[in-house]
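Consider the two complexes below, in which chain A is the common component and chain B and chain C are the respective partners.
Up next, the complex of A and B:
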């Protein structure tokens, strides 16, 4: 039996990893909940968000914004808007024109778009093939409680992720545009008849999901101090799987699924003999079990409809 | 699975870069001045295969440039019997892509030989492909022993050393020179990572070093906190990482974030400028081992670097560029001697002996393996890789992080 502090440290590691996955998973679940679309380029939008954030940090340094808190805030705002708008463009290019086509076509189109985004970063970003260092913009240093190492930046990352998730929840449930999203999720035609602007609602859904991916991308860079153009491949697969475990279309389910996935991977690597080699096998085996025995996920699908 | 594996063999960017560089070399040194004579020579094609994109691209691009330099030199030599043309292919450091590249090179009958592979995981994957196609292939960077020792194919040779020597010397350095006794090994689960872990373990056991744990991890894994937390509880003096740059960066940076107080020891796979640039301050005091010596210290290193500079390549030659350069010259020597005939060239290359290459004497054993490889220790100091003997860590002016932790514990 490993010492208690090791178990607690691993639990904290799993929580951090799970939060990263949860932020990506929420985007997947928003697209599916509102539009029944599985947006498979979302993982690469997440990468794009990270690279947008990194580029903005260079811009702020170049124009002389030295205050880390201001630079961080501007980085988040800039990357959110930029990535959100690219998400909307992706929707207009790959989702809306295929609204009446079989779902497989949308799947293929978004998969292809993901490849285009990834290759574009590789080719056009300076030395895009190399991993890129991400600047430390959060308070550095650490403290220990009972042998568990907690970094200040990890607490800040958890706080930022928490705020982002609460904001998404408030937008969906407490705002006019959120009401439109819920109405479209329930019945798009009826919502239109009641005066909901379908195009604007769909655009906003993609803006919100993609902006959240940018938050995930920047937090990923801050947590690991490094980003790479292929980070969205596994990030996207795991984010989608997490959304499916939680229940596609259910925001809380996506958060739960992300956390579960992170904790499962960490526990497998930490406590199963040779588990590190099989961490993905274990986590994806759980996904398969869910798909077979509870295909609607932990919290069930499409909560957005029922709200 | 990484969907990059299904990508076209050569990216547009690399086609442009490779094509331009090859074109400049061939035109400037081979054809423009004496077109009538050049046209009279029979054309022989050579292929280069290496990672031109992905995390290890810097090494692949350095190798490719060095290959193009050697070809340009031979085309400029009036004594050359043939005019050499090049095909540059990207293996992305991925086995499936590499096999496609080998198939593409081998299926062109005008290609007489290939200078192939930096990554062990792809070099071992293409061994049988080169054998089936009968295309002689000289490896210029991959270090897995089985690439030359795991079969009896006449087509495969290797100019650089293997990871056996590298890891035995690495174990010797850590135990005997630095006095470390306890080690935790982390390695990627490719043949490359497993091989390094295996031969380093062999070396340690021979010297009485204690291995606390061995952990295999997936290539391109992002999060190592679970593995490092486990290792931290073992309190090793050294964490040995057998893998390539992108993952090596992650392990080292996350080690520091988790407060793991151990020395980080790497292999030739992390010896790249990208490691130091990406790991930043975390790279300081990391050491690793590379076949050969720094280019400027090689017997013909100065001459090589001058010629390389004249070609005005955008990328540096990196640690294995000189090996690609020598491999290309050896391949061309064989073609010049026996003619552009694949089986004859393969037979000739298998027992290559040449005492005066820029990397020193080259002598292949019956497996086509160069038997006189030199291993050099490098340490990261002030954002640069420095040869151990020239570093302030060797003179005692600075203390390696692992030695400092060991002293603090005592």
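Up next, the complex of A and C:
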């Protein structure tokens, strides 16, 4: 049995990964909850968010915004809006036209769109095949508490992710557009008969989910100090798995699933012999176990009000 | 001029013509009965009018054409409906369900919610009062049970709440899709009385009601339209339509009178 502080340290590291997965998973679960679609290009929207953020940091540097806090805030806001709009465009192109088609068609269309996005970054971003260094914009330094090393940078990442999740919760539960989302999730036809604008609600859902993916993308860049055009493949698969373990359609489940996945990965890497090679094997094995024994996920979509 | 009229309204699902060139209309303050055997296109007619399924032909409501509008826009023009199978939010309270119907009339937004609580609260109170008034038209007990979840109510009260939800949107035209579905004969009689109260309280409201139960139709509507295979086969007073040869055939089959499977 490894010492407690080592376990805690690894759990904390897992939490870092977990919040990023959770942000991606919330997108998957929103799309599924509201519209019953699985949007498989969501992982590449996440990549796009990271690249949008990176490009914006260059822009701010070029126009002479020196203050790192201001630059960071503007990076987030800009990337959020840009990626959100791209998400809406993806929905209009690949999801809405196929609303009446078999679900398999939407799956294939979004999968293909993901490939297009990925290859477009590779081809059109300057030297797109190389990993891109992401500037460190968060406060550096660290402190130790009970043998666990905590970096200020990581605390900031947790805080940003936490704020994003709280905001999503408030939007869904406390705003008019959130009420529309819940109404469409429950019964789209009846919602329309009550005067809910279906198209606008669906657009907003994709804007929100994609903007969250952008947050995850930038946090990913800040955490690893580097981004790469293929990061969306793993990001998408893990985000989708996390949403599925949590219970597709349930926002809190997606957050829980993301955290669980991150912690599992890190603990597997740390405590299983040659674990770092097997961490994905372990994590995805857990996904398979869930699919067999609890296919509705931790917070099964039916038991708790979805979206 | 009539409040609402269709001309040549047609809905096709692939090769099947579910609604076939239907001309129908309703005057202000009138209740129109819509009858026909299962699968004759009554509900599809409602779906076409409310914009849920694409249709061809003309629909004029309050002097303006409806086709091309989104369902939520049609709702905001003043058409409300209920569904054959209840589509209430069973986990929410009676009041909440009725308030949902009012949400298009809510004026307060995020700013009021954050900074002008008093104004928003007064709007909520006003809405609650209106909801209580609507519910009391049907059943005073419903007001007392206003904070109970709808899922705890018997079928007839659920239907009442659903009609209240539709009325809460302050429609000019109310479409009722088989309100007596799944009810006992006693409950059906009660519901009919409720509809007559609504009729008296809201003299300007037009209603189109789909029913299998001829007894309900006879009680609430003076004019009746009969559908079969998507076509309008008869129109007139209840007595006229009930005597109509084609209607009898549609309901009872050819050479009727001898078959035991007759309904209505």
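One rule holds in what follows: the second predicted complex is superposed on the first by the 301 of 307 C-alpha atoms of A that agree within 3 Å, B and C clash if a C-alpha of one lies under 4 Å from a C-alpha of the other, contacts with A are read in each partner's own complex, and residues count from 1 in each chain.
The criterion applied here is as follows: a contact is a pair of C-beta atoms (placed from the backbone, for glycine too) under 8 Å apart; a residue touches a chain by one contact, two chains touch by 3 or more.
Computed from a prediction, not measured in an experiment: that's the story for all the values here.
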{"item": "Partner chain(s) touched by A:230 [first = chain B, second = chain C, both, neither]", "value": "first"}
{"item": "Which superposed partner A:16 touches (first chain B, second chain C, both, neither)", "value": "first"}
{"item": "Contacts of A:176 with chain B and chain C, given as first, second, both or neither", "value": "second"}
{"item": "First, second, both or neither for A:199, with chain B first and chain C second", "value": "second"}
{"item": "First, second, both or neither for A:187, with chain B first and chain C second", "value": "second"}
{"item": "Comparison of chain B and chain C by chain A residues contacted", "value": "B"}
{"item": "First (chain B), second (chain C), both or neither touched by A:100", "value": "neither"}
{"item": "Chain B/chain C common contact set on chain A", "value": "none"}
{"item": "Footprint of chain A on chain B - complex, ascending", "value": "2-4, 11-13, 53-55, 57-58, 189, 215-218, 220, 222-223, 225-227, 229-230, 233, 245-246, 249-250, 253-254, 257-259, 274, 277-280"}
{"item": "List of chain A residues in touch with chain B within their complex", "value": "2-3, 6, 9-10, 13-14, 16-17, 115, 118-119, 122-123, 129-133, 142, 149, 151, 224-226, 228, 230-231, 233-235, 265-267, 269-270, 274, 276-277, 279-280"}
{"item": "Residue numbers on chain A that touch chain C, as the complex places them", "value": "174-176, 179, 183, 186-187, 189-190, 192-199, 305"}
{"item": "Parts of chain C lying in touch with chain A, wherever the complex brings them together", "value": "50-52, 70-72, 75-76, 80-81, 83, 87, 89, 91, 100-101, 103-104, 106, 109-110, 113, 165, 169"}
